[in-house]
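Listed after this line are the structures, all set down as C-alpha cells.
Each of the next two complexes has chain A plus one more chain, namely chain B in the first and chain C in the second.
Then we have the complex of A and B:
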C-alpha cells in the first residue's frame, strides 16, 4: 500500500508540473493550451536527443529542455495566440492544430524523412532514456523500498512548485502576472506591458511542461503521441483545483493521482481512469470554480 | 414567417439546391465502391451539421459529440449483429454475438439470457425495429440529461467543453471495460445488413447510398428550418448575450437544452448510418481525436453555416482519402491539416462558407442586382 501511494505521488508530481503550466497560462491569459502535452513531448525528445548528440544525462537535460520548450512556447504565443486574445475559445482550436502539427512534425522528423534523411532518436521508434546508474539502485528502509528515481521526480516537482510560488508572489513579474489574472484591462491601465508579460508567462508554463516531459522520459516510452493524454489529465487537475490557485492545483494533482493509483490497485487501470473522470465531472457540476478557488467573480 | 427573397437568401437557396442536386445525382457518375465511401463522408457531413448547430448557433463547443455518434452506432450495430448468421452456422439455436460464444464458459447455455453477465440486455435487439427506435431514443435521452444538467446549472463556455470531453472519454472507458457485453476494444464487427420491407441494405448497392443521402438532405433541411424558427432566433440571441436574453424574459436554458438535444440526436443518427455503410462499430468512435476532428471540419467549412460545416466535413474527408493512397503523404497530411486548422482559425474564422458568402455577395453587387455587399457580417464567436 505504501508503495502504491509512493508511485501515485510520483505520478501526481508529473501531473502537477503539467497542470501548473496550464493553470498559469489559463489563469492569466484565459488560453486553453491544447498543445501543452506536445510541449512535454518535446521536452522528452530534448532529453533523448541531448543524450545521443550531447552525451548529457537526464539531470543535465532538465534545464536544457526547459529552455527549448520555453522557446517553442514563446514562439507559439508570438505567432498564434497573440492574435486570438479577443477570441478565447478559438485558442483551444488553434492550439489543437498546433498540437497536431508538432506531433506530426516529430513523427516525420521535421519533414526530413520526406527527403530520405533520417535523424536517429526522432520519429516513431520506441526511445527510452537511460537513467544514470545512481537512479537504478533501490534503497531499503525497514520494509519500505525507496526508488531513487521516483523520489527524484517528487523532489524536482517540489522545487519547481516552490520556485513558481516564489516567482508569482515574490517578484515584480509575479505581481504583474497576478494583476493580469485579476483584470487585464486594469493591469494595462496601470502601466503593465500585458503582451510582454503574457508571452513570458506562456514561455514559463511551456518550460514547466518540458521538465515534466524529461521526467516522464525516465520511465516511459518516448513517442510522438505521448503528450496527447497528458493535456486532458492536466486540465482535469486545473479544473478540479480551481483556476489560478497554486495550492488548489497541487492538492488536486495529489488527490487525482492517488485516487487513480488506489483504484487501479483494487480493480484495474481502465476503471481507475473512469472514476477520476466521473469525479471531475462531478466537481465541475457541483463547483465550477474548482474546489480551492480563492477568486470570486 | 414571411418569405422575402433577398440577394443573400437567393444565394443561400442556390447553394443548398446545388449541394442537394450534386449528392442525389452522384450515383450517375460514381461506381458502388466510391458511393460507399461517399456515404461515409455524408455521415461526416451530418456530424458537421450537428457541430455547427451546437457551436455556431448555440455557442456551445461540445468536445464530446462522439458520445452521441457512438451511442447511435452501438445501438444499430447491436441489432445488426444479431442479423449476422455466423453464430447460427456455428451451432447456436438463436443468434448470439460470436464473441459471447467464444468467451463463454464451457457448457454454458448458448442463449442471450445467460451466456454472459449482462447479455440479456441484447434480447430486445433481436427486433430490428427496437434497435432503430433505440438509435433515436438513447442519444436523445442522454443528450437531454447532459444538456439539462449543464444548462440548468448555468455552466458555460470552457466548462461545457471540459465536461463533454470528460463524458465521452468516460463512456469510452466503460464500453472498453464492459468486455462481456460490448466486446471491449474490438468493437462489434461481422454485422448483418439492415432489412426494410424485405429489402436488404447491402452497403455496396445504390439504394444504401440513397438511404444515407436522403437522410443527410433531410437532416440538413430540417435543421436549417429549425434555426429559422422563433426558437432558433432566441437561441442565437442567447449565444450572443445570455444575460440579455434572460432579462428579456426567455427561459434561456430551455432553448439551450432543446438544441443541444437535437444536435445529439443528429450525431446519433449519423452514427447509425455510419454503421450501416461501414459494417462495424468500435470504441474509437468515442476517441477524443474523433470528436475534435468534427469540430475541425465544422471550423474549416464554417461554424456559422450548417451547409458550410457539412461541406467542410465532406471536403476534408474526401481529400484525406485521396491523399491517404500514398503512405508518406498520409502522414504529411496530418501535419497539413494541423496547419490548415491554425490558419483557418487565425485568418478565416468564418470558414469556407464565410469566404464563399463574401465572394458571392461581391459578385452579386458587381452584377448590379440586389443590395450591395455592405451589410453587417455575422459575428464570429
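Then we have the complex of A and C:
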C-alpha cells in the first residue's frame, strides 16, 4: 500500500507541475492555454535531444528544458496571446491551434510513434531517456521499496512548488502577479505594467511545464502526442483546486494523483480515469469555484 | 496643468462620452456632477485609459496621454480611487498601500509619510488583511494606495458613497486637506452638493455623456442643480 501511495505521489507531482503553470497563467491572464501539454512535450524532447547531442543526463536537462520551454512560451505570448487578451474563446482556439502546430512540427521532424512502437525510418532512439545508473537501483527499508527516480520526481516538484511560492509571495514580481490576478485594472492604475508581467508569467508557467515533461520522459514514452492528455489532467487539477490558489492546486494534484494511483492498482487505468472524472464532476457541482478559492472568501 | 479637450469614449460599440472637455490648474478641486449614468465615472475611467477606446486630447503637464496604457498614465501622475474602493481584500493593508508604489516616479518603496499623518488607523494595522476593514477604512486605504503613486492629480469617484455618516465627515476633511495643504489637484465625482460647494473651486455638470455646464463654484446655482440633478 505504501508503494502505491508513493507512486501516486509521484504522479501527483507531475500533475502539480503542469497545473501550477496553468493555474498561474489562467489566474493572472484569463488565458486557457491549450498548448500547455505541448510545452511539456517540448521539455521531454529537450531532454531526449540534449542527451543525444550534448550528452547531458536527465538532471542536467531540467534547467535546460526550463529555459527552452520558457522561451517558447514567451514567444507564444508575444506573437499570439498578447493580441487576444480578454477574448477567452479566441485564446482557447488559438492556443489549441498552436498545440496542433507544435505536435505536427515535432512529428515531422522526429517521426511518429504508434501504440508505443516507433516506425523505423521516422526517427529512432527518440522515444525515451535513459536514466542515470543511480536512479535505477531501488532501496528497501523493511517492506517499503524506495524507487529513487520516483523520489527524485517528488523532490524536484517540492523544490519547484516552494520556489513558486517564494516567487509569488516574496518578490516584487510576485506581488505584481498576485495583484493582476485579483484586479488587473487596479494593478495597472497602480503603475504595474500588466503586459510585461504577463509575458514573464506565461514564460514561467511554460518553464514549469517543460520540467514536468523532462520528468515524464524518465518513465514514459516520449511522443508528439504525450502532451494532449496532460493539459486535460492539469485543468482538472486547476478546477478542483480553485483558480489562482497555490494550496488548492497542490491539494487537488495530491488527491487526484493518489486516487488515480490507488484505483489503477486495485482495478485498472481506465476505471481509475473514470473515478477521477466522476470526482471532478462532483466537486464542480458541489463547489463551482474549487476547493480553495480566494474570491470565495 | 490638466487639459482635457473634446474627448469621445467608448465601451465596445457603445459611445459613452461625447466631446467632453475639462481643465484643472494646479491645486484646483473640480467637482464633477450629474445624475446617475451621465458619464461621470466613465470620464474618470477614460482619464485612466480603462475604456475600450477614446479619442480627443488628454494632457497632463503638457504630456499627451490619450493613447497610452493605464500604467503609463499612473506613472505620469494620475492617482485613481475608484468607485467601490476596489482594495484587495486578501492583501495586507501594507501590501495594498505599497501596490501604489509601482507608479512612484522616484522608485520609492516605503509607505508615504502623509499616510502616517492622515490615516493613523491604517498604520496601526499594517499587517491585517484589507478585507477586515470597514467601508470607511477601506476608502482611506484606497486613498492611501493612490497617494503612494505620488499623483499630481487625484481622481476620486464618489468617495463618501455607502459610508457611515460619522466617517463621511472625516473623509471629506481628508480630501480638503489633501487639496489645500498638499496642493494636490483633485477631480471629484460627487452627488453631495453641499460637499462640492464647500470643497470645489470649479464644477462640471454632466448630462448624457456631455458636459452641459461648467464654471466657478459660485456659479453652481439652484436652477442649474434642479435642471440637471433632480430626478
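By our rule, the second predicted complex is superposed on the first by the 279 of 297 C-alpha atoms of A that agree within 3 Å, B and C clash if a C-alpha of one lies under 4 Å from a C-alpha of the other, contacts with A are read in each partner's own complex, and residues count from 1 in each chain.
Everything that follows uses one rule, which is that a contact is a pair of C-beta atoms (placed from the backbone, for glycine too) under 8 Å apart; a residue touches a chain by one contact, two chains touch by 3 or more.
Bear in mind the structure is a predicted one, so any value in this text is a computation, not a measurement.
K.L.:
Classify the contacts of A:284 with the two partner chains as first (chain B alone), second (chain C alone), both, or neither.
P.N.:
first
K.L.:
Of the partners chain B and chain C, which touch A:104 in the superposed model: first, second, both, neither?
P.N.:
Only chain B is touched by A:104; chain C is not.
K.L.:
May I ask you to decide whether A:133 touches chain B, chain C, both, or neither, giving the answer as first, second, both or neither?
P.N.:
neither
K.L.:
Just to be sure I read the superposition right, which of the two partners does A:141 touch: chain B = first, chain C = second, or both, or neither?
P.N.:
neither
K.L.:
Is A:90 contacted by the first partner chain B, the second partner chain C, both or neither?
P.N.:
first
K.L.:
Of the two partners chain B and chain C, indicate the one touching more residues belonging to chain A.
P.N.:
B
K.L.:
Quick one: is A:266 in contact with chain B, with chain C, with both, or with neither? Answer first, second, both or neither.
P.N.:
neither
K.L.:
Of the residues on chain A, which ones does chain B touch that chain C also touches?
P.N.:
On chain A, no residue contacts both chain B in one structure and chain C in the other.
K.L.:
Taking the complex as given, what residues does chain A use to touch chain B?
P.N.:
Contacts found on chain A: 32, 80, 83-84, 87, 89-90, 92-94, 96-105, 107-108, 111, 113-114, 228, 232, 235-236, 239, 268, 270-271, 273-274, 277-278, 280-281, 284-285, 288.
K.L.:
Which bits of chain B are touching chain A when the two form their complex?
P.N.:
Interface residues on chain B, with respect to chain A: 61, 149, 153, 155, 157-159, 161-163, 165-167, 169-170, 173-174, 176-177, 288-289, 292, 295-296, 299, 328, 331-332, 334-335, 337-342, 345-346, 349, 380-381.
K.L.:
Please name which positions on chain A make contact with chain C in the complex.
P.N.:
175-176, 178-179, 182-183, 185-195, 294, 297
K.L.:
Sort out for me which residues of chain C touch chain A in the complex.
P.N.:
Chain C residues touching chain A: 48, 50, 69-71, 74-75, 78, 80, 82, 86, 88-91, 95, 98-104, 131, 145, 148-149.
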